[in-house]
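Chain IDs A, B, C and D follow the sequence of writing; residue 1 opens each chain.
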Amino acid sequence: MTQTYADGKFGEYGGQYVPEALMPAIEELTDAYQRYVLENEDGFMDDFRARLRDFGGRPTPTQYAERLSERYDREVYLKREDLLHGGAHKLNNALGQVLLAKYMGKERIVAETGAGQHGTATAMAAAHLDMPCEIYMGETDINRQRPNVFRMRLNGSEVNPVTTGRGTLKEAISETMRDWATNVEDTHYVIGSVVGPHPFPAMVRDFQAVISEEARRQVREKTGGLPDSVLACAGGGSNTMGAFANFVDDEGVGLYAVEAGGSSLDVDEEAGVAPNSASLSTGEEGVLHGARTKILQDTDGQIMESHSVSAGLDYAGVGPELARLVDDGRVNAVNVDDDGALEAFHRLSQLEGIIPALESAHAFGYLEENYDDLGDVVLVNVSGRGDKDLETVIEETEKRDIDAAPSLAEFSGGF
Amino acid sequence: MGDESENTTAANPELAAAFADGPAFVPYLAAGDPDYESSLQYVEALERGGADVIELGLPFSEPIAEGPTIQSAVVRALEGGMTPDRFFEFVEDLAVDVPLVCMTYYNLIYQYGDEPGPRPFVERAAEVGLSGFVVPDLPAEEADPLREACDEFGLDLVFIVAPTTRGERLERIMSQVSGYVYVQARLGVTGAQDDVSGQTEQSLDRLADYDVPKAVGFGIKTGEHAERIVAGGADGIIVGSALVDIVADGAKDGESADAVAERLESKARELKQGALRGYDQRVPQAEGK
Amino acid sequence: MTQTYADGKFGEYGGQYVPEALMPAIEELTDAYQRYVLENEDGFMDDFRARLRDFGGRPTPTQYAERLSERYDREVYLKREDLLHGGAHKLNNALGQVLLAKYMGKERIVAETGAGQHGTATAMAAAHLDMPCEIYMGETDINRQRPNVFRMRLNGSEVNPVTTGRGTLKEAISETMRDWATNVEDTHYVIGSVVGPHPFPAMVRDFQAVISEEARRQVREKTGGLPDSVLACAGGGSNTMGAFANFVDDEGVGLYAVEAGGSSLDVDEEAGVAPNSASLSTGEEGVLHGARTKILQDTDGQIMESHSVSAGLDYAGVGPELARLVDDGRVNAVNVDDDGALEAFHRLSQLEGIIPALESAHAFGYLEENYDDLGDVVLVNVSGRGDKDLETVIEETEKRDIDAAPSLAEFSGGF
Amino acid sequence: MGDESENTTAANPELAAAFADGPAFVPYLAAGDPDYESSLQYVEALERGGADVIELGLPFSEPIAEGPTIQSAVVRALEGGMTPDRFFEFVEDLAVDVPLVCMTYYNLIYQYGDEPGPRPFVERAAEVGLSGFVVPDLPAEEADPLREACDEFGLDLVFIVAPTTRGERLERIMSQVSGYVYVQARLGVTGAQDDVSGQTEQSLDRLADYDVPKAVGFGIKTGEHAERIVAGGADGIIVGSALVDIVADGAKDGESADAVAERLESKARELKQGALRGYDQRVPQAEGK
């Protein structure tokens, strides 16, 4: 397990860059994190673990991937977070935070969502724990992800459209912070990744760390040892830190955070657009959404629009602890572009009978291109399932010539 | 710490002076909203309307502490080409005598110049004659580097005190603040409101023992609001959204900059007059102190 | 565990009513079932169990449902088959059969599918086990269930449209039997439920019996005893038999097979249409798709078109073993209509943060209406998740006035 | 069992007689396809064309053993109102002298009449003068009740022997069969094919020792097919899809029933002639046996 830094700093990264109105709430949360999460007060962590098991479906398996292992001539294992309730690792965190809010006596939950995965996970957790919940979502995203909006509504959550800016994740986070600043006394903000002000990055990591806690034990049971490398995609970095946390102290285990290379690693400063989401690889230190971290910004410090074929990686920042681990040389920041991710999506679907989230497909894209450098035993985190991505896959596959893809002519133009 | 706490409220004589006699009227506009030239005119109109200090927003792409009104102003200003460098030019181009405070988010301050950290930004701010800063996403805990640069160049660092700020935190902020303290009238984000929050009085009470001017902001919209708040003990009023609304309407309706400037001036006058009326009501009390 | 009848009969039900060309294949399969499944030859069952665990995500949890328990003032437990890979219990069977085909040396898989759940499960299993796979699906169903068709294609399966008749499940089964009869030497037919000729009903039950094997142990761990009743929806009856199998000998445990009452239990003989799929409750003994069982038929013996709001229950037959258990009085055949199922769908989504398949919602509809008769501890099988049903739910909710439903005006007309 | 096996091939003298001198031509049509009246005409045309036995399909809603051609015939006949009762009327209304075999699926036989089981259906079949049954979804294992009813009423029960049928299964079937054995020429479902399967010869070889007429079906389409198959040792040929195709074309093109009947008759003649030619070729061999 990585350390908890009492001051909320990971080297120069992290911190609490938030409006004053939020500071008391953040202090209250820091205290609750300390007591309930770190010290298991009132049996919080036991309750959390039990709910993760019975409601969430943990432990998820670590599967030996026969055909990938054959293809790459080494042992490839898959950590199957796609099997978690809701279809992605997101529930680990959402359930932890909603439960914590309940222990803290909060009466209302707000959350932001981009593609809708964190929103749906939060809505599920909120329904399960009987907490009123409002989700902020950019209007553009709402139009792109209507089935996810519908799922949140089915679970009884309100979905509030955010119309500022491009109407995507970045704006939704800002707007949720505003709601929190307004209703801070009875409301908890369930942030969706290891980002934001302390204690969020540490706390979200701790909720997600169950991934590597299980995987480390499972790989050991299967191989008698540890993996040589662990691969996980990185957007904000929550599945990443979850997959890495319990391996950080195992110095022989290579850790690979696979970011979205998008269509290019170049940046259009003029337009304020980075056609990728590779904050760890190409970003610069700065302050965004409450923390100092690596971010995609222009030379003035304005935040850039990011891009990725996978909505869940499409974010201009990244968790501060990951930034630190990369600077320390402990984590390798690598990236895979849209093409590589799409190919990997089709490959995994056909070879293993697992349709991965496009986010997760990035990790498999890296495996395809670099397996020779990854040692004998490779663990890849399947952060989520791809059912949410089917429309995108049709659209994006049509634009390309992908060997691994089946002929999809009959789906031209969507369902 | 003892050192810092001594020099805090005395970094820049101008801001202190603005609060010295009578209530200070502190209007806010986003620099460059909706374009450079009009914006110059608008800021100047505020001075004519009675501004004692002007808060000038340097627009940041993620204004997490702002409500819809100021968010829109920020978008307009960014689309109008505002950048940190243009902002400093803007300040130089402004023909106003009252002290100017730069309101922006920390990332822009941090990124400016060749060396990382706030020093280059503060240095340049001092060069163009700014008097201080308000940085809504920079709590006292993270403010040391900026505080130091401000001290080095003789600028003030204004902090926001929220209705939720108490005890240790309040002390920490008050030991860092200089110029004036921005008393947030109610929870939430910026935006004009129809009534004045009861949270204001409690905040002023909590601050009574600190010897630094207290300017109340968030939601002040009319002369009457201003009157009530100053009567309640505020040393100044900060007004943003109510003024930005006028700029927004003008931009939407394609009004001439002159017409908008005139409306800004008269709104400023209304607010200033309100503040003065409020001050009159409490003079005996204030003197008693 | 219920008995295996050596002659493939459950009382007068069951048997092997198939074209002569298939009989040798069926004998071969019967032999393979005996050796691999019942006698664990070559460690088949160990292999199967390991794959169910690592690839499928077993065991699935049995969850205490807090809010339903409160609502009904008794302990309600949910067996969470919605968390199985693919989103339904279907994989238990598909994986078992594809693996068996592999052990038998078959080189090709065919399967039928209605709504696409069995097809997607089979396609996943076939990809996982590297078996070429063709799925027959009625043309009407293809048009209604395009995302599922797409998933099968992604997993590398061919999807063959069936244009005969109404182009739905019944026709797809017939067509798959024809393919099997043509390619019987190298092909295995992966049937999707506890229907068809012996040994399918017994074999599919044995593959699905893991549901009640786990649930029985899990309920015991949580309550110290057995449930008073077990509820499962019944289409063909595979999740049903899976949920019941290990409780059949526990005479104190009430077993409820909840069929689709559709829009009415009445039948339009003239039009050959039964506006329900309640074969156990209203069907008559007859021979369909290789077995004698209860079926929806007119007085001449022609099979009727069935109906249910949930495509997966929309079938005119039912497993012969269930027919027998109902005749024996061991299983209660009950039903819930379309309205009740939709209401239950919304209720579970909101109260528990679980969006169930419309099929599974029928079981919850029965719970709502009859909880008082079900004893202190009720186990409900959540056979699948509802993501596949979102379009249908919008359409069907709009037609009704459902208290439990959120306002869905913005989704009027679909996504 | 010994009893049964003795009476099997002797239940009905008519069917045995049809195979007695020369090869039997056994055409199939679905009764009522596309309508009752035309269908009567079509069946009668088959007799004129040389049919020795006619297999009459009673349409079932799930014809799992049929290919697309006969499936469509079944759909047309059902839409035309064909039912078991109408089927029996149809047989009564037919003006043909050759023996008629009812081909249908077991559920229709099982459901007919007041008491469950096949007896009422067989009783009625005997009344209207049917000679026997072919039931594609009823393997020998499940056939006892139907076999018994057939014995009771003196009807034959024809079984299908597939290319995959060997050993014990073959014996079981051959001990139950009566009338003739339907030799399935190749794997799969019904449907006209462009060449004749090599599997046929092997099947006939396996059946050589059984003393029951062997009629080969599945995929026979032309006089030449018929010739080759009979030359290869078949006692008869069963032809379905090639004839149903003519009915289907007629229905599609709106041809008159007379014209369709004429084409059926001439197709029947072609097939019968082919069979006769084939028989001529093997006469020495057959006599040698």
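By definition in this document, a residue touches a chain if its C-beta (ideal position, glycine included) is under 8 Å from a C-beta of that chain, and two chains touch if they have at least 3 such contacts.
Note that this is a predicted model, so its numbers are computed, not measured.
Student: Compute the shortest path length in steps from subunit B to subunit D over the network of touching chains.
Tutor: 3
Student: Could you put a whole-Å number on the gap between the CA centroids of subunit A and subunit B?
Tutor: Their C-alpha centroids are separated by 37 Å.
Student: Calculate how many whole Å lie between the centre of subunit B and the centre of subunit C, each centre taken as the average of the chain's C-alpha atoms.
Tutor: About 66 Å separates the centre of subunit B from that of subunit C.
Student: Can you list the residues of subunit D that touch 2 or more other chains?
Tutor: none
Student: Testing understanding: with touching defined as stated, what is the shape of the graph linking the protein chains, line, ring, star, complete or other?
Tutor: It is a line, because the chains touch in a row without closing up.
Student: Which chain pairs here would you call touching?
Tutor: Once each pair is checked, the touching ones are A-B, A-C, C-D.
Student: Under the definition above, what is the set of subunit C residues touching subunit D in their complex?
Tutor: 15-21, 23-25, 27, 164-165, 170, 173-174, 177-178, 181-185, 272, 284-290, 295, 297, 299-303
Student: Looking at the complex, which residues from subunit C come into contact with subunit A?
Tutor: It comes out as residues 53-55, 57, 60-64, 66-67, 80, 82-85, 87, 123-130, 146-147, 150-151, 153-156, 346, 349-355, 387, 390, 393-394, 406, 408, 411, 415.
Student: Applying the document's contact rule, which stretches of subunit B touch subunit A when the two form their complex?
Tutor: These residues of subunit B touch subunit A: 60-68, 71-72, 75, 78, 83-85, 105-112, 116, 136-139, 141-142, 159-166, 169, 173, 184, 187-189.
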